[in-house]
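Below you'll find the structures, each written out as structure tokens.
You will see chain A twice below: alongside chain B first, and alongside chain C after that.
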Partner chain A sequence: MVSTPSSVGTGVVRARRKRADDVAGLGRARAAAFVVPALLMIGMFLLFPAIWTIYLGMTDYRLTGLAAAHTSFVGLGNYTAAVGDKAFWNALQLTVVFVALSGVIGQSLLGFSLAWSLRRLKGWVRTLVESLALAAWVIPGSVNAFLWIALLDRRDGTLNTLLNTPGTAWLISDPMAMIVIFNIWVGTAFSMQLFSSALSAVSPSQLESARIAGASEFRQLFDIVLPTIKGHILTNTLMITLWTFNTFTPFLLTAGGPNRKTEILSVYIYKTAIGSGQLGFGAAISMIMLLINLAIALLYMRVGRKK
Partner chain B sequence: MVSIGRRKLITLAGLALVPGALDACSSTSKTASNTSSGGTKNVTLTITANAIEGGKNAAEAKWVADWVIPQFQKANPGVTVKFEPQGVNDENYKTKIALDLKSGKGADIIAIDGIWTGEFAQAGYIKPLKDVAGAAVDAWDGWKQIPNAVQGAVSFQGKVYGVPQGTDGRVFFYNKNLFSKAGLPTAWQPTSWDDVLNAARALKKLKGVTPIQLNAGTAMGEATTMQGILPMLVGTGEYVWADNKWAGNTKGLRDVMNLYKTIYVDEKLGDPVLQQEANGRDSSFQEFAAGQIGILAEGDYFWRSVINPAKGVGTAPMADRDTVVGYTKIPAMKPGSGVKGQSFVSMSGGAGRVLNPNTKNADMAWKLMELICSPEGFAARAAGTLSISPRDDVNKTLLAKDPMLTYVSTEVLPITSYRPGLADYTQVSTALQQASLDVVTGTSVADALKTYTGTLGGIVGAGNITNN
Partner chain C sequence: MSDITIRELVKQYPNGVRGVDGVDVDVADGEFFALLGPSGCGKTTLLRSIAGLESVTEGALHIGVTDMTHVEPGDRGVAMVFQDYALFPHMDVSDNIAYPLRVRKVPKEERRATAARTAEGLSLGGLLDRRPGQLSGGQQQRVALARAIATRPDVLLLDEPLSNLDARLRLEARGFLKQLQRDLGVTTLFVTHDQAEAMALADRIAVMKDGRIQQIGTPREVFHSPRNTFVASFIGSHPMNLLPGRVSGGRVEVLGASLPAPRLTVDVPDGHEVVWGVRPEFISWSGTATPDSVRAEVSIVENLGATALVLAKAGDARLQCVVSEESAPQVGQQVWFACSVEKTLLFDAVTTDRIGGGE
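Presenting the complex of A and B:
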């Protein structure tokens, strides 16, 4: 390089000319070249399936039988069928209850209480509680389900042994309560961790002055802590709502039963599309679910902007 | 120049990486066999069935691994045969192979339940054997040994889509120990539903014993229809599909639903909770094997595969099976009230194996099929667990070894009935299961059948339903 100063000189000049149009100095064409692959991937794996789902949702496509080979276009027939299907409304209603109880209320409240009560603790107690909560979060869903089946089993279940209630079929008598508790147990770690880090951002001096001024713990919580971590609460609720709305793990415990009592939307779609092979109808209800997801996300974003 | 070259290089490398990643994604599922240039060299064939060593249908899985694969590989050097085991409930297995076939993949030889033939054929997932493997199919000498009625199990619209693997029959199994404790005869042959109910009432006095298990509900899937609703329905003299119409709110179906009501709701002779458990059927097996169920309606599969005491065969083995477990024909509602005026009834299904139309080695796959379905093949299969084979020659020599299967083949098969081989059947079956679930969980028979006929109308059209 040193021996050929002239070529280096031209290179620098050219590079400067290119660098001028944007911060990264790539130039429009090269920048586009960098973005295109990512866009292609998004197009292939996100946009195309979404459009394909819209199309499938307007057909009578099935997994087997005549309609699998000769699929016909039914327009909005699947959507009107879904709206007229009692099972769909049942699933939607169960999902709302499930999201509200296990996600928004259960996981957020428990996660926050854990984070709040652990905030001044150091040492092994904190490590223990955090590890236990995290374990539930990191263990694969299928393994979790297996543990819970063993816990709740009607014949030799751990819970029946502990409570001395032999023969109680928890998953049959209180299926919704069981999957709500299950999901709280699985997901609380996320809220706990998020709130832990949020709480550490609350200014200690502010809390200290409040305490000197004689504010109760309750007042400190409501007047200082919650306003400070409002953004975190919103993010946490949004994430948890969407996750819980889409979760499928309860299926591993109850398979949607007994008699559709735990058939939340994701399970209903699975049983419709894969279980009974109605792929077209299943695509239509997936689309409805996607729209509900979008609506939730937009709602939260609007609330977030207002603050 | 150098610096530009370097930047270009980085850009190019960035671009090159992405297609590489895409390639990696798209080439992950290369399971299909390959015929490279060398004819039979490096051919890989795969077989799949809902069987797995150490689990469901373990004997079949073991037979494929220990007999089929070594035999075929020895006779055909250069060919590798692989087994893709599955050990799930039948509905999940069906979904899996349907998805395999739909995506143009899947094993070369696939075990199916005969009742799926129609809907798979209509979907174009399977083709008549002749269309897949050509003249060699007709030339096979095995067909002479397989009666037409048995071939019908894997046929659709007059064309044979697979080779039948056997048939079966449904009976009432009962626990002789519990029967004698309850003061009932250990050689038991009920002649009406009332006889069965009376025996159950006697068994109810025993502590910790569920008198009768008649499958109900959606969780057990086809096992509810095949072991519960349909054998009872044919006992009322009705078929689920007759004269081109499906049974809706009929007298026979009302009788069947009332029987469920008597057993599970009115007299608590059965355990309604078990019908709703996600794995209720397996639980019913375990409970019967543990001496906690008195009477169980099941197919001979229960005898030969579930409670079989041979090592590694049964999922709920009973060491004293041969002395404790009795079996008896299912009576019609009343003597002579069954279909064709029969006093005893049953239902039969048939399993089969089909060739995957996507196979790259159709000739070799058919050769493998011939080996599997040869007399030697069935004889080796029977070494694990004996079942009723589709071949007359094999049955003649082997069945005598097992009194239960002899009983099914001589007493039950002559009076048995079959499901309609129509694509709509599986949906109708689900609707029937739901009706039984509704009744078992307390809905009135009238309301359950009202829901059922509504669902049925949506499946087959309101004009194709019989109500009386």
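Presenting the complex of A and C:
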């Protein structure tokens, strides 16, 4: 006997469920149950500390002393204090220089140059250069800092031996230049990798087409390659701007010194909040830093959307 | 004069493989010339060597009287249309067409005028402000052509110019391309794996295999007088019937029958092993036994519209013939195939070179 579709199965008539409106067909309640744990975690570890920082920023909370026990609300007092603090403006100015030189210019340009010169290379030369660049990126910041202290040391430093300049204290004579070079060295691998994959997306026939038209390699770069990878350039610049803005590793080399010459914002916050125990004031500056980050991100996204 | 002279050209890759292996080609000024062959035969490598995109290992290349063997691509006076068109997606049609002029520092006004004029000639008039992504495949191809001819090159190179178009559009573009080449009178080389395309477009065809040229000739020559069994089987919409046979007393023994042999160009002794070849289009059938014919049983009949392709078995061998659709035999029918001796070709069984027949 040939069974008709309606008699397939046990024959028990099952009540037809109402069709769920969502894509997965879970229904609202079950879908919500999947999302809630994640939302709780985010709330506990991300949202709460952020709100707590906003609150702290409006108090005179200190690590020790009287204000630690009896914290009082000061409103926007910390913010007006920050705007009036010369050290804050010094830190902001240093941060802008640091981000521009070591991130936007240094890492991007060096990363792109490496990716561009490696693009036709295959085999061990490429693997070697990529591994070296990646090593700086992979090694923990504390180890990197130790390597650079050994390199720049006044008495037995590698650099002094190589340049035959015994006794030069690089971290004291040119502290800003040193942390800029240090940060370029640490972060170039990211730009290099990102641009490498971007360059592999450039169509070889477009480049050859330009070449037959008589375009030099330099022209091909500006007429074909850069317009093609515009989106990658923007993403890369956004990422390294934010990372460089927030990095704290230079503290391990110079501790912000000498004489506040390398006291970038992250270091200034640390020294204010932990070093001198002004947690409320530190929280306020952190908020300012967060807002600057937000503004940068929004600016890039707006430029990105325009193209 | 922009004729092309290629002498003993070799392109050897670092791994020792020879993409082009000792090629001699002469292309006349204004000629439409096809490089035809299966994939991997070196035809594209040869084209890219002429463009200067591949460095040449040995040999020489002249365009006109100038030695171009080691000249930079941009200084050869050649233009090339790539298989994927290679249009610049971030430039509009006008800028794409004018790009080679921009590289040559032609003033902006003149550039725009030339681009507009060239686009008009290729019926792209209303599309100058569009981006390549907004164009159909056929339009993109014409933009690529416009960009190539806007600089009035001495030599135009086309890499599989029609392969990215759908079947109907391809026929249209074929006629358009041939007309354009006639109008411009520019020396044109194109690469294709499609023998029908080469036959339809080219003044002369170079058939290639394994980096070597098998035969250079007009479409008529490669069709009727193929130099060897490779050319014979590669050219033609339906593969040529090629069957083993034996020369015997001025005739050929093939498929258990004795058929008249064409005039031999080489003296061979009786019993010499040959390959007997006849195109399916030159075979006729009859329902009754006729002199000088081969008996076979029809196994498949494919209707091709006006014609029908008949596949038949004669013993273990298979024969194909193309007949008028109205007079096609039935499947399973016993038939006798005959072919005129003028259309019969004989090839040496060992060297595969043609030793008899042809024009």
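Throughout what follows, the second predicted complex is superposed on the first by the 287 of 307 C-alpha atoms of A that agree within 3 Å, B and C clash if a C-alpha of one lies under 4 Å from a C-alpha of the other, contacts with A are read in each partner's own complex, and residues count from 1 in each chain.
The working rule: a contact is a pair of C-beta atoms (placed from the backbone, for glycine too) under 8 Å apart; a residue touches a chain by one contact, two chains touch by 3 or more.
Since this is a predicted model, take the numbers as computed values, not measurements.
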{"item": "Which superposed partner A:G277 touches (first chain B, second chain C, both, neither)", "value": "first"}
{"item": "Which superposed partner A:S197 touches (first chain B, second chain C, both, neither)", "value": "neither"}
{"item": "Partner chain in contact with A:A213 - chain B first, chain C second, else both or neither", "value": "second"}
{"item": "Which of chain B and chain C A:I224 touches, first, second, both or neither", "value": "second"}
{"item": "Touching partner for A:M41 - first (chain B), second (chain C), both, neither", "value": "first"}
{"item": "Of chain C and chain B, partner touching more chain A residues", "value": "B"}
{"item": "Contacts of A:S205 with chain B and chain C, given as first, second, both or neither", "value": "second"}
{"item": "Which superposed partner A:Q93 touches (first chain B, second chain C, both, neither)", "value": "neither"}
{"item": "Residue ranges of chain B touching chain A (in the complex, touch as defined)", "value": "1-4, 7, 11, 14-15, 18-19, 22, 91, 95, 98-99, 102, 116, 118-120, 122-125, 217-219, 273, 276-278, 283, 423-424, 427, 430, 437-438, 441"}
{"item": "Residue ranges of chain C touching chain A (in the complex, touch as defined)", "value": "51-53, 73-75, 78-80, 82-84, 86-90, 99-100, 103-104, 147, 151"}
{"item": "Residue numbers on chain A that touch chain B, as the complex places them", "value": "1, 7-8, 10-12, 14-15, 30, 33-34, 37-38, 40-41, 62-66, 68-69, 154-155, 169, 171-172, 253-255, 257-259, 274-277"}
{"item": "Contact footprint of chain C on chain A as seen in their complex", "value": "203, 205-206, 208-215, 219, 223-224, 227-228"}
